[in-house]
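Shared between the two complexes below is chain A, which pairs with chain B and chain C, respectively.
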Partner chain A sequence: MDGDDLKRVAYYPGCALEGTGHAYNRSTKEVGKALGLDLVELENWNCCGAMEVKNVDPQVQTYLSARNLAIAEDMGFDKVMAPCNGCYHNLKKAEYDLAHNPHAAEVNDRISKKAGHATYQPGGVETIHALDWIKRAVGEDVLREKARGKLKGLKIANYYGCMYTRPRHIFPEKDKGPGSESTLKPHFMDDILAAAGAENVDFPLKTACCGGAHSLSDSDISTKLVLNILQTAEACGAEVIATECPTCHTGLEMHQVRAEKVLGRKTNVKILYFTQLLGMALGLSASKVGVQENLSDPSDLLRAKGLG
Partner chain B sequence: MADPVPFAAIEARIDGILMLTEPPCDPVALAERALDDGETLLEAWLTAKGQQPTSETVEGFRLLALHRQGARGDPSFNAARETCRELVYLRNVIALYDDDAAEAFRHLRLQAMVLRHLSLFLGGKLVESGLGDFCCASRPLHDQARQPRVQQPQAAPVRAAE
Partner chain C sequence: MPIHEKSLIRPENLVTHDQLVIDGVDVSGHWSTFITSRTITDYNEALQDEIAALPGGEYIHRCWQCGSCTNACTVNAIEPDFNPRYWIYLIRQGLEEELLRDKDILWQCVSCNKCTYACPRDVVPEGVMKATAHWLELKGHTPKSPSTHFDEGFTESILATGKIEEGRVLRTFFKRTGQPLNQPWLVALVTGLVRRFPIFYLARMGFSAVFRPRTRGWSRTGAAIQDYVNERQAEQRAALGLDVKGGH
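== the complex of A and B ==
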């Protein structure tokens, strides 16, 4: 295990965590503090190119992500933690593209020189997700000891979304047997929350598409996909859906409201970031982990479970 | 656009299973029917894309072979990979509970919900082929759809055959 290496890592929050995913940013930092971990935010970071840029020019997107990796390296880090699935995916993809696509490497070099900074060379910085960070830096034994079963009795469906494991080839560290993450049935979030006492339900849609890409262009598709995810979680007995991506989280919350308003289908399952749940398990208050910023109000459930 | 009829019939069967109040007498048959429905959905997608649906199997299931065929050259299709695998997994779980009607029924309901997800995903993809891509990736697809690749001369409208 490389736990000590991960006690202090570069932090790339990405754009979403400064906006709709603010509660994820806040809870991630608070959990880090509570666990004695140190996050050092990248100086002058830029968008990973997740949204519009990749449609304009995929090589420019690779450059934008590579610039963030170059900043991490320049700050003396060999690991950067990105809690957003989109950012995590794009930084990983840039790493892969630079190592396998000479044209991407050439464009990255050309733009980096023009911008006046060092060209990022693949292999210099490892991108990790918040789940990797907590699991590898702290581990379940310490979490179990610190949380003392605070999430006991809370039934959780863990929803990873579709970008955390896809496409498989950009995540060479996954599917490496015991201890590694699985792309077929991811389990790091399950492991972390189980260590804090939660009861994870067997949830068959943990990586299913939520239609996030079409939230604006065709909301009905997204609402129906999300409604099915919410209803399936409830059918599995879940009281909470734990999320680890700001896009998934916002989509689930937004379309839960829309499903009730437009389709007349109400669901009661609550949606919380895994860092909010873990933070409360570590004794942090609900407000400290930003629960009041969520769209769905879980306060009754949290009170009933003695959390927050 | 593929014939929407299979989608409606499959949705009706899903609703039928979800409305059952008592365990059915042959849950395995219904679970296998759900796999057939999954194949029908994938066939509709492949046919709409101008492909001949394969009759081969992967790991003993045609459903998985059809998914693999659909994902060839279309990485966003992999957003349904685990959904297809869960359908097969749940069919196997239902078959294992041959002495526990309640557990078989519970898993049959879950399988129906997973099938609904596949139906919504594929139905959605037939309208918005970028579904399953990440954030705003649909924009160029929308643009392509709006701009015909070859400019056609203006002609009098022709009524489609009934």
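== the complex of A and C ==
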């Protein structure tokens, strides 16, 4: 078990968690506190480039992540935790590209030198997701003990989105058999919430795309994709869709409103970050995990379930 | 049943006669439909190399047309004309005119990476889609897509400050694409948020409008990245036979 060296990790919140994903940032930190885990924010981090910079130049995107990894290493960490799928994916991809693509490594070196900092060498820092962090640092047994079935009776569809599992080659630790995460049927969020007592519904669209990259630039397609996810979750009997990415979360919330306003299709499923659900299972109040910032107001449901 | 899979042929290439006699034989009825013959003379033999010169297109030559990309594609499921396998085929054959028929939808790839996951040849079809959409714009076949406007505004923000502030990226995007900010669903979204938690949101909006988030000491880094981007874009324009200095 690597639980102990995950008790204190570098933390890369990223831009979204300082904006629309504020509630994810807040609930992640609160959950960490409640579980006795220490997050040390990367000093003076920069944006990872999200889904956009790679379309201007992929090597620049690699550099942006490499700079953040260099900071983590400089601060003496060998693990950095990124709760946002976009950040997580980009740090992972940079790690892969620096090790496998000489051109990416050369550009990283060149820009790092000009910018005046040490060039990050692959292998120095392992990037983990908030799901890895909780599952590996705490584990289901402890969660079960602490949550005492608090999410009992809550029907959840776990939604992981695209960037947590695709493309698989940038996640060498996944698909390694029992105990490891699967890129086809991810289950870490299911495991964590089940340990807190939730009833996970059998949801076929765990890794479907919400159209997040074109949430604004091609809203009609995004609305269709999101509506499909929301309606499928409802058809599977879910009361809540649990998310682990600020872009997915905002996309689902935003296009839930848009589907109602533009297509006249109303859905009632609530959208919550898994850290919000876990936080409430650990006894934190709804306001502490930022539920009031969610667009799909879940307060009636939470009250009915005795949460928050 | 003379023509199987008629649905795969474009209507304008099918000719149907009510009454038809050929060499004295009456072929009216089932045998009266023909496909007009086409002779293709305008191959662009450089097409694959041009796409490969743009970021994301590097591995297009590996494709062996299995169709896993289209089969896995998120957009294809809602928009059947969005067909990465077919576009890769056209590019590799140099069939530029055929490719241009789909120029207005090609930018719609949502980068879900399902194709890249499914591809047995590591073509990175997602990258090829981006490279092709970029090619269409560079060659002047299409105006900049909303997606390109978004990418550019986003990247400019990072080059300037090291970070993005969502409100600013959003305003830049709406301005550049000429969209109004008062669309009913956007208004419903913002009022929904503000009504539930007014002080927090108003304070945050005010704060981020005044204090732009930034990475300290970024100017040197931003300049180093900009130098590299300028150099790469000049190389790309040269590979496409375009004036190196011309604006995108």
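We adopt the following convention: the second predicted complex is superposed on the first by the 306 of 308 C-alpha atoms of A that agree within 3 Å, B and C clash if a C-alpha of one lies under 4 Å from a C-alpha of the other, contacts with A are read in each partner's own complex, and residues count from 1 in each chain.
One rule holds for everything that comes next: a contact is a pair of C-beta atoms (placed from the backbone, for glycine too) under 8 Å apart; a residue touches a chain by one contact, two chains touch by 3 or more.
Bear in mind the structure is a predicted one, so any value in this text is a computation, not a measurement.
Visitor: Quick check on the superposition: with chain A as the shared anchor, is it clash or fit for chain B versus chain C?
Guide: Once chain A is superposed (C-alpha atoms), there is a clash between chain B and chain C.
Visitor: Going by the contact rule set out at the top, does A:Lys176 touch chain B (first), chain C (second), both, or neither?
Guide: In the superposition, A:Lys176 contacts neither chain B nor chain C.
Visitor: With both complexes overlaid on chain A, does A:Trp45 touch chain B (first), chain C (second), both or neither?
Guide: Only chain C; A:Trp45 stays clear of chain B.
Visitor: Have a look at where A:Thr247 lands relative to chain B and chain C in the superposition and call it first, second, both or neither.
Guide: Touch partner of A:Thr247: chain B, not chain C.
Visitor: On the A-aligned overlay, A:Asp57 touches which partner chain: chain B = first, chain C = second, or both, or neither?
Guide: second
Visitor: Which partner does A:Gly86 reach: the first (chain B), the second (chain C), both, or neither?
Guide: In the superposition, A:Gly86 contacts chain B only.
Visitor: Is A:Gly211 touching the first partner chain B, the second partner chain C, both, or neither of them?
Guide: Both partners, chain B and chain C.
Visitor: Figure out whether A:Ile229 sits in contact with chain B (first) or chain C (second), or with both, or with neither.
Guide: After superposition on chain A, A:Ile229 lies in contact with chain B alone.
Visitor: According to the contact criterion defined above, which of chain B and chain C contacts more residues of chain A?
Guide: When the residues of chain A touched by each partner are counted, C comes out ahead.
Visitor: Taking the superposition on A as described, I'd like to know which of chain B and chain C A:Glu18 touches: first, second, both or neither.
Guide: second
Visitor: With the two structures laid over each other on chain A, which partner does A:Val107 touch: chain B (first), chain C (second), both, or neither?
Guide: second
Visitor: Which of the stretches 1-9, 73-81 or 235-243 of chain C runs into chain B once the two complexes are superposed on chain A?
Guide: The stretch that clashes with chain B is 73-81.
Visitor: Return the residues of chain A at which the contacts from chain B and from chain C coincide.
Guide: 50-52, 54-55, 162-163, 166-167, 208-209, 211-214, 217-218, 221, 224-225
Visitor: What residues on chain A touch chain B, complex-wise?
Guide: Of all residues in chain A, those touching chain B are 50-52, 54-55, 86, 89, 162-163, 166-167, 184-185, 204-209, 211-214, 217-218, 221, 224-225, 228-229, 231-232, 235-236, 247.
Visitor: What residues on chain C touch chain A, complex-wise?
Guide: 55-56, 74-75, 78-79, 108, 110-114, 116-117, 127, 130, 134, 145-152, 154-155, 157-158, 162-167, 170, 173, 177, 184-185, 188-189, 192-193, 196-197, 200, 204, 208, 213, 215-218, 220-221, 223-225, 227-229, 232
Visitor: Within the complex, which stretch of chain B touches chain A?
Guide: By the definition above, chain B touches chain A via 75, 78-80, 82-83, 85-86, 89-90, 109-111, 113-114, 116-117, 120-121, 124, 127-128, 130-140, 142.
Visitor: What residues on chain A touch chain C, complex-wise?
Guide: Residues in contact with chain C: 15-16, 18-20, 22, 44-47, 49-60, 63-64, 67, 107, 110-111, 114-116, 162-163, 165-168, 183, 208-209, 211-214, 216-218, 221-222, 224-225, 254, 257-258, 261-262, 292-293, 295, 297.
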